[in-house]
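The following blocks contain the structures, represented as structure tokens.
Each of the next two complexes has chain A plus one other chain: chain B in the first, chain C in the second.
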Partner chain A sequence: MEKSMNIAVKENSMSNKVQRVFEPRWTERIGITLSNPGTLLVLPVIFIAVFLGYPLLNIFIQSIYNGHLTSEYYVRFFSEGLYIRVLLLTLKIGAIVTLTCLVLGYPVAYTMTFASKRAKGLILIAILIPFWTSLLVRTYAWMVLLQTQGVVNQMLLKLGIIHEPIKMIYNTTGVVIGMTHVLLPYMILCLYSVMQGIDKNLLSAGSNLGARPFQVFSRVFLPLSFPGIMSGSMLVFIMGIGYFITPSLLGGQKDSMISQLIQIQVGDLLNWGFASAISFVLLAVTLLLLMLSRRFLRLDKLW
Partner chain B sequence: MFARILTIFIIIFLILPVFIVIPISFSSAQYLTFPPPGFSLQWYESFFSDSEWVEAAIKSIQVGLLTTILSLVLGIMTSIGLVKGNFPGKQLLQNIFLMPLVVPTIIIAIAVYSFQSKTGLVGTTFGLVTAHTIMATPFVIVTVLASLKGMDPNLEYAAMSLGANPFLTFMKVTLNVIKPAIASSALFAFVTSFDEIVVTLFISGVSVTTLPKKMWDGVRTQVDPTIAAVSSIMIILIVVILISSQIYGEVRDNKMAKKLEETAG
Partner chain C sequence: MKLKNIMMRTMVAVTLISFLLTGCGQKTESASTAAPAEQKTSETKKEETKKEEPKKADKELVVVSWGGAIQDAQRTAIFKPFEEKFGVKIKEVSPPDYGKLKAMVAAGKTEWDVMDLDADFVPRGIKENLLEPLDFNIIDKTDLDPMSTNDYSVGAEYYTTGIAYNSEVVKTGSHPKNWAEFWDTSKFPQARTLQKWPVPTLEIALLADGVAPDKLYPLDVDRAFKSLDKIKKNVKAWWATGAQSAQLLTDKETPLGGVWSGRIIAAKKQGAQVEIEVNQSVLLVDSWAVPKGTTRKELAMKFIAFATSPQPQADFAKAYPYGVPNKKAYDLMDEATKATLSTSPEKRPLQVSIDVNWWAENFDKVNERFQKWLIEQ
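== the complex of A and B ==
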């Protein structure tokens, strides 16, 4: 009985082999799918293509096609002083925020690198709380703090440090403070991930060879942390120039960044072609920076 | 030493704004003032008794959960495909999948808005979920990819040599190994959706409101302390999640250390 079943199985598997040559059965097709995991990508690729790729292609076409092929939208962007100023202001704010984040983030990452495990955990929580807190909540908090009647002004007035409220919101200062607060955790995490990997024996070697503590820092530690400085700065700058919410809520009329320009063109003026063209200028700047920083910034290593 | 003192100040700069919202949410004043003149729950009452706020919160949770499921499925499939698959252009494909992490959100927003207004998806839950999934999936991919790359491939070979087919191997072995990564990426995905505002502003239409959109409207018109109440609830939730995951991590590490000691001793 058992033997005959064995034979039956064998025969069956032989006929399977024969069949495979001609036409795989659907159960085998699944088997083939699973044995070639690359096919798992089909569904995600379709999803991205339909819900992101096609829409992007669509607005790209809108930016160059207006009944006929045209470059009018791009020409308009680069020929009118107003738009160039917005682009330059965006890059300027991005640069200021990057520098502020670097100056503030470096000592924190440095302290974390040499802190005890417990202190490290505490600092990490302190960085992650704002990181995970809703962007709107944080922006709201800054509005509460920085207003003319806000917490900071009230405190400073009570302490007699100032005699009339300082204007810290609805201007560039507000935008820089708000964006620094949002982007600082990214900078710290980038710096820390590099600093953590620095071989501490090199520092001892430096001081054994007679370097003073500051020299050990400036000649050994600082150069070794350079990849972190680059990746953090690039990341903060790239993210910063695309910001929309923070400048909209904390900036003034004159501090419009490029994202706000796009929003106004679409939302208020229904000027799709021009908005699409500005978007692709911004996208081009972003992609260019990503290519330039490829050596330091790997997308899959960020989080 | 100098760096340490500086660190303390910078940490205060990072956390203080987040927590200043909490005392304000309990203020008895009718307007924003600090320190609050007295204690009151009026802003929490105005949140929970306002059907618009409550509906917005429910919508956000609903969209968040659906986004989490969809982006987990897509993200896990993508990660396995990228790690195990063998085909040219893998690195390029991976970068394309991760693009939404760095491409300015406003660009994705107007592209998706243009697409959805043509296909009638504006103001639908489906539209919101697909748009949020685009933003959330890269976080899942990054987390799961790292975990898969760190996995010992011998575990899977062992399972397969013991007779498990690829599907069973995935369910019984791979899935177990990447479980922590899946958990944290689920949290990432949910928060990404729950917090998403830029794309939502464009595609939510007039009838659908999420929590961030309601907050956006509120912040723009007046600095309403109801927002402080909503914010405080969100902050406390985040703090509880973060601290409990830290404690969980410590407990787990200690257990592992003990086990190692026992086996070594």
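== the complex of A and C ==
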């Protein structure tokens, strides 16, 4: 009995030895092989870990550690009405900008989808040239246009449309105009990429079945373009709530957005703990929104 | 189908490129509002040179100042002559961003060597351990104004914040001549601009409320904020950089403002219809200091010694109408130059002085309140 067991053990260890030769390397064991397309992700993942994950971790530690573990920064953020108000205002401006981008961008993307190749190219160029211009230059240009003595007011006054200058700068109007201009291309490109993938035969089928042009649009095209509306709106909203330069230059103090609050804490007050806490609140809000939107539609289908 | 494929690929490529480009744009954006582009290029250049010729690193010096007209004057009067005399290349950066300074010191990688700072930052910088003590074996302080000299900093230039106005909108003579009149919104309904900084905005608010210039300190902070409440809705813009304030006045966006005198005089020289009132202007000082951890400490001290010596200071005063702390410098100036300076004997009695020590004690608390007050409805 014992003998046979010994033999069994021996055999076992031998088979182990044989196995070890063919044993996959650790990289292969965790799925990194040349045949796995995920392998291509190794470098980006390392990049993200080093340049995003590590700094984020540092910021998080700063927000809860002040020589000792503390929740004072978060408590302060949520206990003072002022900071909550800034957060809500940030979300409100983000929502207004998203809506204006959608209203302005949808017709453009729609026209592009059905335009001739030549017209399509022209529209694309018209969208991309401002897109490639420095954000700072564009914001300064808006300052020149919108101020009291600016081009827009002067023109409206001369034409007799208004009798005294409209206030379009250093208030929420200025912020919304400036941010909409900067974020509009993102919306149009998201909408267009979905719209041009819609099978046009479905529209013909709709008309053949007796739908009037508006019905074809509202019952067939609009629902099919919904993923574009969602992805564009998400992108614009999430980028919008982190905006800094446009609200600082075109807004008044009362239009301060959350990133301006962070900048004051970092640059002027040198209170990095509180700044880190505010940053994390912003990040949490963004992630929450992403999760909520996941409940309504599958993210992987968006982009 | 093929065409569609190509279109699709182009779209993806274009979008990717655009995202990359906007990424770059945002980097510039976060740099600063004052002179982001210049700042970025000068920094990138600095890094490049460092990589190329590490041995020559001690032959360059990074000086951080306020940009615009004031830095132009420093360049001709101080930087260029220093470069020639010491065979050193000066890299200019602007503006002195205190958050960035703290980040550099915290990372143990100080890339700036000399900074032109708000005098009221010096005590905060000492408290946060961000500054090197100065070496007075190299810097000769015998002739320097003791008021602006301490262990960590020496005065660079005296500047004033005064009542500025656009003379096309508000005629000279009927302009506000003191801060109480500046606060009078029924007599002057025009939009105003004030500095987004508590020094000397709180002093100004108290002067407007009738506090005598010699009875300002200790500041009655509550009273100052009450006074600020009265003017808040008439302050259309709170300026953060000198260039911005001059622009607001020149464009008549805000025909009235509490602005640095030098910026207004520089704008006027360029043809803008702007003027500044001397009466009740607040006299402040900027200081040269050395950030903690610089690798070129000795050269930095030599730079400060040079910058505060009589000839460069006289040249600076001639180029820019700000007083200087070296009393021997005044011997080298002509009478016309002396009369234009913020420190001229005629102007001095009309001006109000700042107590840096009070601010050293109270800055953090008051600024926190001030910044919160700004964004309140």
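The rule we apply is simple: the second predicted complex is superposed on the first by the 236 of 303 C-alpha atoms of A that agree within 3 Å, B and C clash if a C-alpha of one lies under 4 Å from a C-alpha of the other, contacts with A are read in each partner's own complex, and residues count from 1 in each chain.
Assume contacts are C-beta pairs under 8 Å (C-beta built on N, C-alpha and C of every residue); 3 or more make two chains touch, one makes a residue touch a chain.
From a predicted model like this one, the values you see are computed outputs, not experimental measurements.
By the document's definition of touching, of the two partners only chain C reaches A:Leu270; chain B does not.
In the superposition on chain A, A:Leu283 makes contact with chain B only, while chain C stays out of contact range. More residues of chain A are in touch with B than with the other of chain B and chain C. Within the superposed three-chain model, A:Leu209 lies out of touch with both chain B and chain C [touch as defined at top]. In the superposition on chain A, contact of A:Leu159 is made with neither chain B nor chain C.
When the two complexes are overlaid on their common chain A, residue A:Trp142 makes contact with chain B while staying clear of chain C. Of the two partner chains placed by the overlay, neither chain B nor chain C lies in contact with A:Met291. Chain A residues in contact with chain B (one complex) as well as with chain C (other complex) are 124, 128, 132, 134-136, 147, 149, 185, 244-245, 249, 263, 266-267, 272. Those residues of chain A that touch chain C in the complex are listed here as 82, 85-86, 124, 128, 131-132, 134-136, 147-149, 169-170, 185, 189, 192-193, 196, 244-245, 248-249, 252-254, 256, 261, 263-264, 266-272. Remark: chain C residues 4, 7-8, 11, 14-15, 18, 21-22, 25-26, 28-30, 33, 36-37, 97-100, 102, 124, 128, 191, 196-197, 236-238, 240, 251-253, 364, 367-368, 371-372, 374-377 touch chain A in the complex.
Residues 31, 34-41, 43-45, 47-48, 51-52, 54-56, 58-59, 62, 104-105, 107-108, 110-112, 121, 123-130, 132-145, 147, 149-151, 154, 181, 184-185, 235, 238-239, 241-245, 249, 259, 262-263, 266-267, 272, 275-276, 279, 282-283, 286, 290, 299-300, 302-303 of chain A are the ones touching chain B in the complex. Of all residues in chain B, those touching chain A in their complex are 2-4, 6-7, 10-11, 13-15, 17-18, 20-21, 24, 32-34, 74-75, 77-78, 80-87, 93-98, 100-108, 110-115, 130-131, 133-134, 137, 139, 141-143, 145-146, 165-167, 170, 188, 191, 194-195, 197-198, 202, 212, 215-216, 219-220, 223, 227-228, 230-231, 234-235, 238-239, 241-243, 246, 250.
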